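These are the structures, in structure tokens.
Here come two complexes built around chain A, the first alongside chain B, the second alongside chain C.
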Partner chain A sequence: MTKINITGLGIVSALGISAKHHFNQLISGMIGIGHYQRDGQYYYAGKVPFTNQQLSELGKVAFSVYTSRTALLGILAAKEALGGTVFDSRIPTAFINGTTVGGMDRSEHYFSEIAKGNQGDAALFQMHDLGANSAYIAEQVGDFEYVDTISTACSSSANAIMFGAQLIQSGEYNRVLVGGTDALCNFTIEGFKSLMVYDAHLCQPFDANRRGLNLGEGAAYLLLESDQGVKESGNRCLAKLSGWANRNDAFHSTGTSPDGIGAQQAMRAALETAALRPDQIDYINAHGTGTQNNDSSELAAMDAVFKESLPDFSSTKGATGHTLAASGAIEAVFAVQSLLENCAFGNFSLAEPMTASPSLLRKTVSKEVRHAMSNSFGFGGNSTSLIFSGN
Partner chain B sequence: MAIHVISSCSIAKGSITVNGTPVFFHEDGDFSAFSKAAFKKLDIPYSKFYKMDKLCQLAFLGSEYLLKEAKLVFRDDEVAQVFFNGQSSLDSDSKHQKLIQEGAKVSPAVFVYTLPNIMMGEIAIRNKWYGENLLILKPDFDFEEWAMEANLLISGGKATYCLGGWIDVFQENYQLQLYLVEAAGIKMTI
Partner chain C sequence: MQKLYIHQAVSISAQGFWKGIHVLGLKEDLQEFNAFDPDYKTVIPVMALRRMSKITKMALMCGLTVSQKPVLDWDAIIVATGLGNLSDTEKFLNLIYGSATGLNSPTAFTQSSHNTLSGQIALQLKNHAYNMTHVQRSFSFENALKDAVLQSQFGVGNILLGAADEHIPLLNKLAREVGYEEREISRYGEGASFFHLSADIPSEIFVKDILIKTKAGSLPEESDAFLLKNRIDKKSCLLLTTDDLISTCGMDQRSVAELVGMYMTNSGLAMHLGCSYLSEKAYQHVLICANSTTGLGLTLLSHE
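After this line comes the complex of A and B, so read on.
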């Protein structure tokens, strides 16, 4: 059976653009979350520091008021992941995109015009649908035979990665671009605030006094290729995707069970796919949103799965903010970098860690990392765990 | 097709039909009146039902009416859910958007339902099912296409049973065509 080779990485978030830059930002403890102003208020959010006009220029696409920010972020990350890869009819390529915000920023622009008493331009809705964003990105970055969109809230892009791996393993495709993208918008910010889980201050995942999450925006993609695909493309294999699994927590629409049953099942099943024992995982990039509920149930789940061999773990959402559908892919890129650079990333903004375990890293540590796990959990109980392994 | 339909349930325009037999009808009234009456008839203590949005209430009612008739006992991971859906969570999305628009207090009870897959989560919670979930947006329903997805999950060993079908809600238009299927050729042990 073919391996799932990762031959390209691309990422954009509040920390900046490109995989290499993100690695530098993370090891130097940079926080991308800052003050974000809207309607005379400010709050903390991980905003990509470029306007849509600037993103269009960086992504080398024509600027249009009808193009969603979600798609513009996606184009930048997708182009980086593809690198110099040549689209060739001998290697038909699929594109699996995770998004949950889609073109909501453009739809909100329509509504704000209406509220001002202006006539709304209905064409602003043309990228509202999630699939329209995937289609636009696909059109701008390559020649894809198959394009699909996955929307499972905060686990969307982790599921896109899993789906891509299955397309390769089943022999359907030798090359799949996988990942996700989401922009900040009022719809999600207002929603998380109404759930009382939006931290008015800088978020502190895995801290005893954590108050909630800060939303962020961004995009990340990984280029996956089969052994045959690598032979044809000549791309260098950076790492392997070795394990994946998705389970339902079956507990609550927006909360996770106290013991993280879904998370436990997903982690165990991913280990089984990778044929690894728990003590072989060297680093976990946790979902770690900073909400009371997520972090306590995720820690309980990790404790249950790993017992006394709990590996080094951290959440990087304290640097990027919670980028919703993009977070699984953004953190997958971080997991691959931990393998490439042999380091485990530190957690951000820890004052009083919620666990006495030394496994919760305050700072980035250099160490040999052969297998790294990345967790993503979404509303509706959707729990996904991925495992990345070095060459 | 290698699957066998154990039970089916359809809901539309105030009526519920299980395995082809009408089991409930509520004349007049809007969705809310219909769903409350249909829920009361089930006579189950599950007050969470009243908090759900229309999409979830419709999925919940369908699954309860169908499972009541099917009288099967499942292990916690042997039922997969696969739904095809047309208009996603648009009904709740527009309510949430309207609250933001009006500068009103945004409701967590509305925001929760601005994702269509929450509907499968509600069924999973009610039945304590940890199995596979899949929701695909499609312009309309084709049973053969749906059966192919269900068959793939069952023949791939991911589930013994699959519950799902077509669900679509926007404003006062609602439709559910729900099926519980298993691999063909397995003898029922009832």
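After this line comes the complex of A and C, so read on.
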């Protein structure tokens, strides 16, 4: 089977910018989620601490009121993942991007002006379509032959990673930049509030008294290359993407089934792709949003798949917030770092763990990690599981 | 690439509800391109139907109809949409920026997700297989088809592939405000097309090749190279364009936009139309060309 080498990582979230910085933040138990105020109401969210103007400067692109925050976050992370990789016509490169909100922050601006009785600027919609965001990021960071967007809610970037791996495995591409990006916006904050799963306090994934999620924003990308691609680029292989699968829960449009059928099937199929037994997984970066429904169904699914060999697991969403389409890629970067640094990350804000199992990590532990799994589940029953393996 | 056979096609568009690969009597002089509303409740459960936006209704009507005969447990469900659930998105934006305070209903929010279509089909069919949604402007359908080709290479059997986009009046308003021409705006359309594909079970008509490029050369150059690579004689090939006709192409051609209007996934309808031309053996091949300033998509269909 063709090896899928990971040769670059890039990430931006409420914890800051760059993969190295994120690792330091995670092991020191830093929480990026903050307390904000809007229209007289307080809420917790994982905001990237830079304005669009500042993000434009950091990403070295001209500032424009028409550019979405989603694209600006994406550019920063994509540039870091590409590093010094030179685009060469001998190795055509593809870009597979996951996003759900795209330029919603700009569209909202139009609607809010109209609501105030002002004239709206219709040009604000030019990045409403998700594909426009991927195309803009691609233009700014490299010379891509092929650009595609996957939008499957909270598993979007995990699916983008999987699709990129398959493009390499089929021999069609030797190099693919994969991941995703989503900015915070009122649309999603109000949306999760309307579903009554937005925690008014700091979220506590996998806690017995969890109340819901806090949204976050961010972007992350991984550079995937075949052996041929690595030979040409000279990039160092950090780790391998060894397993992947997407399955559907087919239970409810937003909720997950009590036993996490889709999650179980995705994890089992990913293990099969990687040709690994459950007891060979050393760490799982769980989806762990902090909602009653997700965490109980995900834990049930992990118990069903791993039985008595449930590996160390945690959710890092207590630090970043739930970054929706970006979360799969952000947590994929964390999974790769657990391999590189030989550690399993701790869960955040646990007071009373929902399980007595010692596998749910309160703190980051040093240990040999050869295979790490990352789960992402979304609306529409979409369930994706990825496995990363050390060199 | 290996042949990816097309077994069934169902579409909804301004041309009507079109079930099967037979040739359709086409209305040639349509001035408006709102999609025809079939009797959705014959296929979609009434309880579910009530809250659905048009795009979801169209996609489910087509997707579930393809799934009826023979009853198949899909090994993959792959859907394309250019703009997704616009009416639910607009509805929820109006709710949160409206004057009403207090708790909003979550329905429009949950349905606004781009993967509502693929998710709802899986939910209705209780299907646990691979479920994907591609969104890439005028090439969304081509990308979903490319995914189907990829999955079939990895041994995935029966694939439900579809595309859908809906029109809302806000699109016209915004287009006018940014200065689009009335001719352009009057062509806005909507529709859905779904197919049963399989590489394992032969049938008369198949997808022979597909090419998607974000950075493409001139259209005649690219399409000539694509046809040459596949050793296709232009005389035996019909060109279907998703926008205007192409001035010099050396092939018979039809514009799908003239029949169903412009929407980002109207190449799905082009594939259905291509299948029908091939079924009457008027041509040996059909080349579908989705061409825009943001790239190029070429799909080649053939019959045995």
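Brief remarks on what is shown
In this section, the second predicted complex is superposed on the first by the 391 of 391 C-alpha atoms of A that agree within 3 Å, B and C clash if a C-alpha of one lies under 4 Å from a C-alpha of the other, contacts with A are read in each partner's own complex, and residues count from 1 in each chain.
Methods note: contacts are C-beta pairs under 8 Å (C-beta built on N, C-alpha and C of every residue); 3 or more make two chains touch, one makes a residue touch a chain.
Just so it is clear, the structure is predicted and the values come from calculations on it, not from any experiment.
Superposition note: with chain A as the common reference, chain B and chain C are in steric clash. In the superposed model, A:G191 makes contact with both chain B and chain C.
In the superposition on chain A, contact is made by A:Q265 with both chain B and chain C.
With both structures placed on the common chain, the touch criterion links A:L167 to chain C but leaves chain B unconnected. Legend: residue contacts after superposition of the two complexes on their common chain; A:G380 is shown touching both chain B and chain C. Of the two partner chains placed by the overlay, chain B and chain C both lie in contact with A:F111.
Contacts of A:A123 after superposition on the shared chain: chain C is touched, whereas chain B is not. In the superposed pair of complexes, A:A250 makes contact with chain B and with chain C alike.
More chain A residues lie in contact with C than with the other chain of the pair chain B and chain C. Clashing C-alpha atoms with chain B appear in a single stretch of chain C, chosen from 57-65, 219-227, 237-245 or 291-299: 57-65. Common to the chain B-facing and chain C-facing surfaces of chain A are residues 100, 107, 111, 115, 131, 151-153, 186-187, 190-191, 193-195, 246-254, 261-262, 265, 378-382.
Note for the complex: chain B touches chain A at residues 76, 93, 96-97, 99-101, 105-108, 110-118, 120-122, 124-125, 127-133, 137. For chain A in complex with chain B, the touching residues are 100, 107, 111, 115, 131, 151-153, 186-187, 190-196, 246-254, 261-262, 265, 378-382.
Residues 100, 107-108, 111-112, 114-115, 120, 122-123, 125-126, 128-132, 134-135, 138, 143-153, 159, 163, 166-167, 169-170, 172, 186-187, 190-191, 193-195, 246-254, 261-262, 265, 378-382 of chain A are the ones that touch chain C when the two sit in their complex.
Against chain A, the residues of chain C that register as touching in their complex are 77, 82-84, 89, 92-99, 103-106, 109-116, 118-120, 122-123, 125-137, 139-140, 143, 146-147, 150, 153-154, 173-175, 177-178, 212-215, 264, 294-295.
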